[in-house]
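Listed below are the structures to be examined.
Both of the next two complexes hold subunit A, though its partner changes from subunit B to subunit C.
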Partner chain A sequence: MTLSELSPLSLPLLVLGAALIVLLADIALPKNGGRHLGLFMAAAFAAIFGASFFLDSSGRVFDGVWVGGDFTLFFDRVFLLAGTLACLGSLDHVARHMPGRQGEYYLLLAASVLGMMLLPGARDLILLVVCFELMGMPLYLLAGWAKTDDTRGRGKNAAEAALKFYLVGAVSSVFLLLGLALVVGMSGTTSIEALGHMRHSALFDLGLLTLFGGMGFKIGVVPFHMWVPDTYEGAPTPFVAFLSVAPKAAGFAALTVVFLAGFHVPSGSFMPLMLLLAATTMIVGNLFALRQESAKRLLAYSGITQVGYMLLAFATGTRLGTAMLLFYLLGYTVTNIGAFMVIEATASGDQGEDRVSDFDGLYARSPALALAMLLFLLSLAGIPFVVGFWAKLYVFIAAWEAGHGVLVFLGAVLAVVALFYYMRIARAMYMNEPKDTSPIKTPFGVKLAIAICLAGVVGMGAYPAPFLEQAMLASRSLFG
Partner chain B sequence: MPLAAWVILAAALFSIGLYGVTSRRGAIGILLSVELMANAVNLLFISFGRYRGDHLGQVFTLFAVALTVAEVVIGLALVILLHRVRRSDVRVDEVKELHG
Partner chain C sequence: MSLPIELALVALFTPAAMAVILALVPPLRRTGRPAAWLSVLAASISLGASVWLFADQLGHPSRDLLESVRWLPHAGAAMANVGLRIDGISAGMTLVVTLVAFCVQVFSLDYMRSEPAADLGRYFTYHSFFIFSMLLLVLAPNLLQLFFGWELVGLTSYLLIGFYFKKPSAAKAAVKAFWVTKLADTGLLLALVVLYTHTGGFEWTSHPGAEVATIITLLLFVAVMGKSAQFPLHVWLPDAMEGPTPVSALLHAATMVAAGVYLIVRTNPLFAQAEFTREVMVWIGSFTAVFAAVIACVQTDIKKVLAYSTCSQLGYMVAALGAGSVMGGYFHLTTHAFFKALLFLAAGSVIHAVHSNEMSDMGGLWKRMKLTTIVFVIGSVSLAGIPGLAGFFSKDLILEGMLESGHTVPWLMLLGAAFLTAFYMGRVLFTAFFGELSEKAKHAHEGGWEMQLPLVLLAIPALGAGYFASRFAGMWHLEYELHLNLEAGAASGLAILGFAVAYVMYGRGAPVATPAILRPIAKLAASGVLDRFYEGLYRVLGLKLAGAVGFFDRYVVDGLMNLSGYLALTAGQKLRRLQSGNVRDYVFVVAFAIFALSAFGILR
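Now for the complex of A and B:
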């Protein structure tokens, strides 16, 4: 094995290198040098994102245990983008609230991104589960990061949020392993590509179902969604921005690899079940979102609804459906990170208590932030012509072509319901009187992150074609 | 012992663990129950491997053990953290600042 054979893994290896530099620099630097580590990590993610356009990352590594191609490249870019935005948004928050532990924060973030980047290429169940855990474990720690109590007892909430997230995650990991034990035990192979040709038996199917359940926890599919709102509420907001998109994208990458490319399942008996889950997830997320007073919880339930739409695209099981799922994930990444960054700027920390009422009169206080939030909300709701509109439309087209007209209708109705709670925030921003008329001081990193997200939301809304083409390419490379 | 007996034993252990996770109130008790479930899965891996006469099950078990250990370490760290900020036993039914 020569070093050049590892070239398809160059992007994850670069992230690993950056993470190691942060680890060593954190030990070497004096205690107050941590802020530079965040800047370094953001720059490293951005640079690796740029490098992804020049490096050739297709090919098979370790006898086909890891396979790179357009599919991994697409997801790598999504994760690198999410990583960059999360680092930028965290700069000020982390430096202010946990100045002594900045290096560890970015190290854990990088470790999680590394796990995510390896996940879409995994073609062996052992590698898949190791990547899945590498992605998940740093997230538990990051969720509890605000451990020092401030005046409102946020540390207590963070610890509680992390423990709930952890307990649900640990149980779901065990279920994932149980599913793998049944699948591997009945088939005698861990190669995902070989599993497609296996004869199905009762235990094998039970294993598949358990495997789906284990992964469903991570993406927050109803009925495995209980941890989502609590964790979002208690965890640091810039981290929640990351948590709300990247692990979902990675979870769907894993589901797609295992169930569509590996087992060819939706042609079989699982399809009705997945469609049912998609419908329940859309409905439950919407109903709970209607009554939330906390902006973070509202976006948490809205995120559950969005997972329902993604699951609908996934459940079509077609090449087109998968391409639309990828486009949806990309659009959702820029939109949701942007929305959480606005919450970080306006309603978190010293500014407020994450409540919808903290947005009162934002237009008068800071018109730019209000406009950005409005566009993010419109994109989440799927209003023309921002990226969320195309994402929903394409998912509906794919689902319609796969013959799920009823679900398309349900999804369209629920999108109108969703407009109601998204516009509650918009109404607070534009119609209500502000309690405090001073303009909002947004830190530079958060500002930059919001600007990048805004460019993505508007740019992809105006010209979706090139991004759609990338998604199609990625989907084609997976299905062969 | 035939394969079916081992599978039933693993299923029983897994179910006891699952019952523990849902019924225990102390965080440590829940962690122990999760551990029991994980070991039931390992037993399943090894008995399938033994039945097939290959090493795949044992290899997978080694990875699973390493992952579970890492996970439990994080869990204990979080329990200690919650204990510190609350200064009392960690009983999950009292952990309800966030209204699930």
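Now for the complex of A and C:
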């Protein structure tokens, strides 16, 4: 095998290279030099993102075990974008709370991104599971990264968050493997592409469902969602920004590869189940979000609701539906990371409480942050002029075309209910008096991350065409 | 690019640019009056362009211009365009919007004078933004762009109703308006989805087939009922009167609430294919017209009377469109915009003078405020449909359309509403403007020129717009003819009768014997019960017919809204307990869920 045969893998390999540099530099650099590592990693992610427009990453590697194309490219860009934003947003947080362990943070982040980037191209169930774990393990560690931070019980929360995340994750992995064992046992092959022609039997179907359950954990679909709010609450906010989008995107990438490209399942037998889960996820997420007092928990439940809409797009099983799922994921990535970064900025006074009431009078303290948050919230709610509107509209169109009118109706009504809790934050920002009138000093990295997200939310809202086209291309490359 | 397109762009983007400047430059906004004047300047430029545009359109009545650029691609083809559509409908509406907006802004210069500078700047920023949003809706070439404008005017409405957001009732009213209309807007969103999936575009000229057209138009009509305050989604409009009075004139009387009616006019090609929807519209419209008129008769707050009157008149328009009288509905929209904005501004002038909304605090204002009284009389008489004034022509057209399409019962309902309209306007006139000078009215005086000029400007079309009916119809390739017959005479007769009854009951000092037919109402009025008629029916006569109306309004309509909110909240509370935070439970749930999924998959 020559090096040129690996060219479809160039983007993940570049990330691997950057991660190795961070690993070595962390040893070489003095203890407090970690901040530079963060800057380096952010720059590296951004540079690789840029490189993705020039490098040709389509092709089959290892006899078709890994297949690159527009589909992987789309997801790689989403992950790289999320990685860049997470590094930028983390710079100050990480340096302030754990100055001695900064290199570790960025290394883990890079490793997780690497796992995600390999996932959409995997066409072998074994590789798929390995990628899942490569993505997941660093996330568990990062969730508990603040475990030795002793400010206001932060460490205890972090340890608890990480443990819950890990235990539930471990159980999910068990099911993932069980499903794998059943599927492979019944079919005799681990190749996803070959599985499409298998005859369905009871055990085979059982394996598929178990597989779905294992993946459902990563995307946080109800009833595998319970770790989400607890973990979000205890983990470092900039990391939560990353956690709330990238693993979800990766989970949907895996689901799409296995169920749509592989088995063509949702268009067939499991459709009612997927739709049921989509509806449940939308409803449960909304109901829980209504009464949350913590902004991070509120966004955690709102994120669960969003997953419901994505699942609706996924359940169409059509090429259009998949394209809309990808577009939704992209819009959700910039929106949700932005929203969490604003939480990071407002709670940066080290209180680390992130109550909804922390947003009281934000407009008076920092009009720019308030406006940014308002736009993110509007995008999450799906109001015109921001990207979230297109995302919802397109998902609805795809779902209606696939004949799921009832769910479209439900989704549209629930979107109005969701406004209730998004508006709570908006009202607090604009209508309430601030408890603390000091202006907010936002660290540069967070500011930059918010600005990038804002540009994405507004830009894609005003002119979504090129992004939609990319999503369509990606979807087409998967369905052939 | 042709001249009309350029003019429309000027009309659209001058206020938009002003809103952006004021929003992004807080020091300028906080100067208050200079910011206000800048906003008025933008509005006047916009008005100038609109007048020119309209005059140009009158010269080429049948012109239908479409200028658009590709916005969203879909599978290689254009999914949606963004652009401008200029024809008789949009040119006319553009003029109405900019004229009323201009008048309202000038009026506000004086009316809002005592606001703190920063708030004044905020107020005018919203107003500039409103003109842009409304024109975006009006000039939209397709349903998607219209939806964008639709949402933006909803947002502006929320901001302006809640302008005094420190006042709890205002904040509550803003929130109520927001939720009711927002919930209704879901219909429009779904209509977009259905329209696109069946026709591959957002054009209202498409032919998706009768069945699909019915679904789409029903969904659209849900949104219309929210925006244009049709029963049973009208509940937000009376509360919206918490906003500043000029806002009520512009948004909640003349333009924004009429957006729903405008939507039907625009998408008429779709509605024309959906007979069932139009039948629904006829009945809901007629019912709203009567229902709201009855309630208007018993209100004591002058703004509430006008608010219910707006509901009622919007009912006329909706019914007319349902009966297929597009010209009638649209023409009434136009004349209504003028006389209702005039009435609201006149009411604002009065409120400004006596510092109260209650009609009992007014009384005898004729002696102190001649101009306001004159224009209020013009507005009332026009609204009541007294022959010769603008309202007469449009109302006549509607009633004629109802009869022509064979809707006799709705026609009778609208006739009844015409009588009630004259009655409640007469009641306002006689109690607030004539009779003894009240205590609070003793020191009343006219506002500054900023308040007087708009009153005069609006009184002109409220008087004479009717005479343009035929030219107006020409832009629609329609013939307009005034038919003087018994049916047309009936409405005018009833209107005059309404005023007469009001005069008998309120026009004299001491109570005198009234004709036997009117005695029950007079009795109620004399004992002071009439003013509490509505309230009393809620509580005491809940089972009687009229009471049932009120009961339904307060307990069922309001109740359903409250109940759904309550259920959602308590369900959230209960479910929250499930989330115990115990990781063993979580693992158990995961395992259980996977078994359940498997069972579902296997056993199915």
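Rule of thumb we're sticking to: the second predicted complex is superposed on the first by the 474 of 480 C-alpha atoms of A that agree within 3 Å, B and C clash if a C-alpha of one lies under 4 Å from a C-alpha of the other, contacts with A are read in each partner's own complex, and residues count from 1 in each chain.
As a working rule, a residue touches a chain if its C-beta (ideal position, glycine included) is under 8 Å from a C-beta of that chain, and two chains touch if they have at least 3 such contacts.
Keep in mind it's a predicted model, so treat the numbers as computed, not measured.
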Discussion item. Between subunit B and subunit C, whom does A:144 touch in the aligned arrangement: first, second, both, or neither?
Written reply: first
Worksheet item: Of the partners subunit B and subunit C, which touch A:167 in the superposed model: first, second, both, neither?
Response: both
Worksheet item: A:180 contacts which: subunit B (first), subunit C (second), both, neither?
Response: first
Worksheet item: If you stack the two complexes on chain A, which partner ends up touching A:224: first (subunit B), second (subunit C), both, or neither?
Response: second
Practice prompt. Identify the partner contact of A:291: answer first if only subunit B is touched, second if only subunit C is, both if each is, neither if none is.
Written response: second
Worksheet item: After lining up the shared chain so the two structures overlap, which partner does A:457 touch, if you call subunit B first and subunit C second: first, second, both or neither?
Response: neither
Practice prompt. Examine A:133 and indicate which partner it touches, taking first as subunit B and second as subunit C; both and neither are also allowed.
Written response: first
Worksheet item: Who wins on subunit A residues touched, subunit B or subunit C?
Response: C
Discussion item. Tell me the contact category for A:188 with respect to subunit B and subunit C: first, second, both or neither.
Written reply: first
Practice prompt. Report for A:375: first if it touches subunit B alone, second if subunit C alone, otherwise both or neither.
Written response: neither
Worksheet entry | Touching both subunit C and subunit B, counted on subunit A across the two superposed complexes | 163-164, 167, 171, 226, 229-230
Discussion item. Applying the document's contact rule, which stretches of subunit A touch subunit B when the two form their complex?
Written reply: 125-126, 129-130, 133, 137, 140-141, 144, 147, 149, 153, 155-157, 159-164, 166-167, 170-171, 173-174, 177-178, 180-182, 184-186, 188-190, 226, 229-230, 233-234
Discussion item. Please output the residues of subunit B touching subunit A within their complex, sorted ascending.
Written reply: 14, 17, 21, 27, 30-31, 34, 37-38, 40-41, 44-45, 47-49, 51-52, 54, 56-57, 59-60, 63-64, 67-68, 70-72, 74-75, 77-79, 81-82, 84-86, 90, 92, 95, 97-98, 100
Item to complete: Would you tell me which residues of subunit A are touching subunit C in their complex?
Response: 163-164, 167-168, 171-172, 175, 202, 205-206, 208-210, 212-214, 217, 223-224, 226-227, 229-230, 269-270, 272-273, 284, 286-291, 367, 383-385, 393, 396-397, 400-401, 408-409, 412-413, 415-417, 419-420, 431, 463-465, 468-469, 472
Discussion item. Considering only the defined contacts, which subunit C positions touch subunit A in the complex?
Written reply: 26, 71-75, 147-148, 151-152, 165, 171, 179, 182-183, 185-186, 189-190, 192-194, 196-197, 568-569, 571-573, 575-576, 579, 581, 583, 585-587, 589-594, 597-598, 600-602, 604
